[in-house]
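Take a look at these structures.
Shared chain: subunit A. Partners: subunit B in the first complex, subunit C in the second.
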Partner chain A sequence: MNKKNKILPWEYSFPSIMLIGLIVVFPIIYTIYISFTNMNLYHWTDYEFIAFDNYRRALTKLDSGFMSALLTTIIWTVLNMVIQILAAYLIALGLNAKGLKLARLYKTLLMFPWAMPAYISILLWRVGIFNPQYGLLNKIRSALGFSSMDYLSENIPAFISCMVLNLWMALPFLIMMMDGALQSVDNSYYESARLDGGGWWAQNLYITIPSIKPILAPSIIMTTFTTFKQFDIIYLLTMQKGSLTGATLQTVITYAHQNAFVSNNYGLSSAVSIVIFGFIILFSLFVNRGIREEHV
Partner chain B sequence: MKKMALVLCIAMTAAMVTGCSKNTDSVAAKQGNKEVLNPIRIWHDGDKAMIQLMEDHLNQALSDDGITVKFEQKSGLTDQIKLYGSDEVNGPDLYMYAHDSLGMFVEMGALAPITDVIDKNVYADMLPMTMKAGNYKDAQYLMPVYFETLLFIYNKDLWEGEVPSTTEELYSYMKNHTDATAGTYALVNQHSTAYNVAPLINGFGGFIINEQAKPGLNDKKTMEAIEYNKKFAELEADGDYNTVNALFKDGKAAAIIGGPWLISGVKEAKINYGIKSLCDFKLPNGNALVPYSGVQGVGVMKHAAETKKEAVEKVLKEIADPQLGIDLAENSRCAPANQKSYENPTVSKDEMIAAMRKTADIAQPMPNIPQMSVMWGPTESLLAAVNKSGKELNNVADEYQKQAETAIADMQ
Partner chain C sequence: MRIKTARRIALLSILNVFFVLLCFITLIPILYAFLLSISSDSSAFGNGFLFPQSPTLKNYKAILVEEPFLIWLKNSVVLSLGTMILAMGTSVTASYAFSRFRFRGRNEMLKLLLILNAFPQILSMFAIFRLFKNMNLLNNYIGLILIYAGSMCIFSIWNMKGYFDTIPIEIEESARIDGGSSGQIIWKIVLPLARPSIIVTAVMVLIFVWNEYLFATTFLMKEENYNLAGGLYQLQANDYNRSWSLFSAAAILVSVPILILFFSIQKYMVSGLTTGGVKG
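Moving on, here comes the complex of A and B:
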C-alpha cells in the first residue's frame, strides 16, 4: 500500500473520529480535568487546580458505604445474570419445542416488557404491583385473608422486588438472543444424538449449549454490564425524591448519585465518577479475560 | 470524486466544530442600538395559562414604554440557570421560580439584588413572609409574586362533625374513623416527605436546617416532632404522593394534607371539599402547626441589572402591581404576595386563598440557603426509616444527622 492509500482511509473517517471524540472521549477528558479542580457552587466560574484533593476525599468516601454498595452490586449482578440466563434458556427452549402452537404470538408478547419505556414499567410496577394500598400483590394477600405488606420498606424484600422487576424487563432480550441462537443449531446433531441414545440432558449439555455459547457471549456481556450499572429500577422503586420507601439499598451507581451528584460539587463528583469508572474498567477487564480464557 | 468526498469531509468537520462554538459578544455591543433591550426574557417553569396572563398584563402595561416581555418555559430550570444564568446572549434577563433555589443562584454569582434596579418602596406592600423568602444574606433578590402553603383539605360528604382544632382531637378522630383493612382513612398525608412533616417540626420548635446551615435532624425538638408524626403516620396509609391523592380522590380518605396544586384534581373528581388552614390546629405544646411556604418570585440576572436597568425596573414595578395579584388570584387561584390584592372581595372571599393568607402570618419560608438542597435526602430517609421501616428514632437520628453534615461538607 502506498503512502497516499494509507492516509486516505483516515481522511475519510476523520469526521466520524471527530464526532466520536466529541461525544465519547471529550466528556471523559473534561471530567478528568474537572476532577482536579475545586469547581463547585462557591467557585462556579473562578475554580482552580487543586491537584489530588478531590481524589483523596473520594477515596475517603469509599470507606463510608462504598464497599457495601459494591458488594450489593456484585450480588445483584450475579443473581440476576444466573437467573436470567437459566430462565431465558428454558423459555427459549420451550418456544422452540416442536409442535408448539402460536409460537410467534408468544414471542411477540414476550417482547412487550422490553419494548415498554423503562420509566413507565417501573412506575407501573411500583403502583400496580407493590403498592400497599393499590398493588396487585396486596390485593391477593387481602383476598387470602392476610394483612397488607410493604414490599419496598425493608432491604431484603426490596432487593427481591427490584430483582423480579429487572428480570421482567431484561428477560425478553436474552430470550430473543437465545431463540435466534437455538434456531441456528443444525437439527442433524440432535438426530445423531437420538440415534446414539442421547436424552434431553445430554442433547442440551453436549449439543445445544456448546453450539449457542459463542453466539450468546456478546449478549451476555452486554446484559452483565447493563445489570451491573442498573440505576433506574433501584432508584425509582425505592429512593425517588419525595417517595422514599424506607429501604436503604445502594448499588455503586445509586451510591455515586447520592453522594456526589446532589452536592453541586462538580470537582468532587467528577473524582468519585472517575474512581467508579476505574472500578468498572477493572470489572470489564476481569469479565473479558474470563471469556477469552474460556475460548482458548 | 475523491476530492469531492474530501471536501465534504472537511466541511462536515468544520461545521461540527464551529457548531459547538459559543457567541460571547454582547448583543448590545454588537448592534449598538436601543432595540436590543427588547424583549425582556423571563425564564420560568410555571403553569402556561398563568404565565400567559402575566405576560399579557405586563405587555399591556408596558406598551407605552416600548418594552416587550417574553416568558420562556424551561424544564429543569435550576440546571438551565446554572448553565446560562451569567450568559447575556443565551440566558434570561429575569427568572421566575420558587424561592428555595435563591441561595444557590446568588452563590453562583448569577443574580443582582433587586434593590440595584428598584426602590424599596416598590415592594413595601408585600407580605413580610414573602419578602423574607426572597432575602439572602440581608439583600433582597426576589420580587415575590405569589405563594403556596400546605392546607387541610377535607371531603364535606365524608367528614363527620366539625373539623377539630387540636392535633390530639384530630388523632382521636383518625383512630375512630380509620379502617386500614377496609382501605378507608380519616386523613392521609405524605408522612415521610420533609415538606409535609415540616409543620410539626416547626411547631415543636425543631428545625431541618437553621440559618447557620446546621442540620437539626438529631435536635431534641425535631426528634419529638418526628416521634409525634409517627403515630399519625400509622393511620395515614403509605404516604406516597400518588397513593394519598388517589385515596382522597377515590373517596377512601376523608381528608388530605396537601397544597393548592391538588385542587384541580379534587374538583375533577367532583369532591365536595372544604379547606382549613393548618395554623388553625394547635399542638399539645400550645403552638400552632407551622408549615413551610413556597414563594414564587422574580429575580434579576446580574448582566440585566447592568445593561437593561431601566427596562427591568419598569417590569418589576408592574410585577408588584396589586392588580396583577388580583388577576392571578381570580384566574389561577394563586395567593398573591401583595397585601393590597386582598382588599379585592373576590380574592379575600376565596376559601383557599383566604386559608393561605391566614397561614402566611405564621408560615416559615422554606430555607433558601444552598445547603437546603442536600437536606431533603437525609431528612426523608430518616422519616422513611422511622415511619416505613419501623426503625427506632433514637438509633437512626444521629446516623442521618451525620449523613446531612457530610452532604453539606461535600458542597465545599
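Moving on, here comes the complex of A and C:
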C-alpha cells in the first residue's frame, strides 16, 4: 500500500480534479465574490463592492427574514430527526421480533418510498394527497361530512404536511440502517439479561441502544445533514413557480434560492449561502471530532 | 409455558396487523397514483372513491402518443449516460490513485473533497447559472452533464476508493514481478476485480441524474429540450385539465425503471451511501 510516486497519482486524478474545480470549487469562490457586491437585476454588470453589507443585512436585520428562516430550519431538523429516530427504532425492533415470518416482505414494501424518484413522490403527494379539490385527504374529509381544507395554505398545516411527507420519504433509509444494526447485536447479551431478570425496557436501554449507537452514528449524521438541507419538499409543495399556495415557510436553503431566483437579490443570496456553508463546515468538524473521541 | 406461547402468538399477530397496516399506509400514495393512471377522467376525480369503475390504459397511450414523452425520455437517457461516462471516466483513475499511492497532499485532498461534498449545490446554483450564461452553456446538455458529473465525481471517488482499499496490493505486486506494465495491471487485473463497485457506483450516478429535477428545470428552459423532470413538472403544473391522470401515468412510467434498478442494487446502497457520505 505504499507506492511512492510524486507525479503519477496527480496525473491519474487530474481530470476529476479539473472537473470538480470547475463545477464545485470555482462556483463557491464566485459565490463568495458575489456576496461582497450589490449584484441584482438592475446591477447585472455594473455592480459595486459593498464589503460586508449583505452579511450585516442577513444576520442583524430581522426584516431580512434570514433569522426566522434559520429558526424554522432548526425546528424542522430537530423535530424530524427526533420523530424519525424513534419511529425507525420501533419499526426496526418490530421487524426483528422473533418468529415474524413475513419480515422480509414487509421490509421490501417499506423500501418503496426510498426507491421512488423524490420529485415524483413529492408531486404525487401534492396532486394526490394534499390537493384541496381532488386530494385523497379531502376526499376522506368530504366522505366523513367535513368541508374540504387547503393543507398548504397556512404555515402550520403546511409545515406538518411537509414533515409527514419528509418522514414518509426518509424513514425507509433509517429503518434499513437500524435493522442492519440490530442484527449485528450479539444474542448472548439478551440471554444473560433475561437470566438476570431484565425486562423489555432494560434490554433496550442497556443492551440494544448502546450497542447500535456507534454503528448508526454515520447514518444519523448523514440524515441530519439531508434533513437540514431539505429543499425539494418545501419548494415543490408550497412555492412552485406560478402556484404559490399561500404558506410562507422558509428554511435557510429555500431562502437563499428565493433570493437568487425569485427576488433577484444575488448579493444577499450569496452571502446567506456562504453563512450556511460556514455552519455546515463547523457542524461537520464538531461531529467528526465527536466521533473520533468516541472511538478512542 | 403454555401461557407464554399464547402471549407470543398474540404479540406476533398484533405485530403482523401493525405491519400490514403500515405497509398499506406507506404504499397509499403510489397505489393511488396507479389507480389514477388507469382510470378514465370522470371516475378518477368524480364519484368513484377508490377503485375506478372502468380501468383503462388510455392515459398511458395518451402520454406516449400525444405528449412528447418519448423525447423527454430520450433527453433523460442522453443526460444520464453522458454523466455516467464522464463521471466514471474521471473518477475511476482518481479513486485508484487515492487508494494506492501515498503522495503529498493526499490526505488534505481527501478531506477537502468531503467538505466540498457537504456543500449543498443549490447554494452555488446562481454562480453556475451566471457562469454558464457567459459560456453559452444554458439550454445545453453538455452544461448539465458537466454539473452532474462534477457533483457526482466526489461521491464516486470516495465510494470506489473504499473498494480499491479492500483489494490486496499483493495481487498487483505479483503481476508486476511477472512483468506486467502498470497500464496492463490496472486494465487487466485491478479494474476487473473492482467491477462490482464500479457497476454499483455507475448505477447510483445513473439514478441520481434520472431523479434530479432542480438543475434540469433551471438550466433547460426551452420546451424542446426538456427531460423527464422538466416534462413531468410542466404536466402537474397545469391544474385544471385532465393532465393529472396523464401525470400519474407518466410518473408510473418514469418510476418503474428506477424501482427495478434500485431493488437490484439495494444491498449495496447502504454501504455505498454511508462510506461516501461522512467517513473521515
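FYI, the second predicted complex is superposed on the first by the 209 of 296 C-alpha atoms of A that agree within 3 Å, B and C clash if a C-alpha of one lies under 4 Å from a C-alpha of the other, contacts with A are read in each partner's own complex, and residues count from 1 in each chain.
We take it that a contact is a pair of C-beta atoms (placed from the backbone, for glycine too) under 8 Å apart; a residue touches a chain by one contact, two chains touch by 3 or more.
As the structure is a prediction and not an experimental result, all values here were calculated from the model.
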Touched partner set for A:Y42, first subunit B, second subunit C, both or neither: first
Which of subunit B and subunit C A:T248 touches, first, second, both or neither: first
Subunit B versus subunit C as contact partner of A:Y119, first or second or both or neither: second
Touched partner set for A:L268, first subunit B, second subunit C, both or neither: first
Contacts of A:F159 with subunit B and subunit C, given as first, second, both or neither: neither
Touching partner for A:L100 - first (subunit B), second (subunit C), both, neither: second
Which superposed partner A:F66 touches (first subunit B, second subunit C, both, neither): neither
Subunit B versus subunit C as contact partner of A:Y151, first or second or both or neither: neither
Dominant contact partner of subunit A by residue count, subunit C or subunit B: C
Subunit B versus subunit C as contact partner of A:W76, first or second or both or neither: neither
Residues of subunit A that lie at the interface with subunit B and also at the interface with subunit C: 8, 12, 15, 19, 22, 127, 133-134, 241-243, 260
Residues of subunit B touching subunit A in the complex: 2, 5-6, 9, 12-13, 16-17, 20, 82, 86, 104, 107-109, 180-181, 183, 190, 192-193, 237-238, 240-243, 246-247, 370, 373-374, 376-377, 380-381, 383-385, 387-390, 406-407, 410-412
Complex contacts: residues of subunit A adjacent to subunit B: 8, 11-12, 14-15, 18-19, 22, 40-42, 44-45, 57, 64, 127, 131-134, 142, 147-148, 150, 153-154, 241-248, 258-260, 262-265, 268
Touching residues on subunit C, where the partner in the complex is subunit A: 8, 11-12, 15-16, 18-19, 22-23, 26-30, 32-33, 36, 45, 49, 86, 89-91, 93-94, 96-98, 100-104, 106, 109, 113-116, 118-128, 130-131, 146-147, 149-151, 153-154, 157, 169, 182, 210-211, 213-214, 218, 229, 232-233, 236-237, 239, 244, 247-248, 251, 254-255, 258-259, 262-263, 266, 270, 273-274, 277-280
Complex contacts: residues of subunit A adjacent to subunit C: 1-6, 8-10, 12-13, 15-17, 19-20, 22-28, 30-31, 34, 91, 94-95, 97, 99-100, 102, 106, 108-121, 123-129, 133-134, 136, 139, 143, 168, 173, 176-177, 180, 218-219, 221-222, 225, 229, 231-232, 235, 240-243, 253, 256-257, 260-261, 266, 269-270, 273, 276-277, 280-281, 284, 287-288, 291
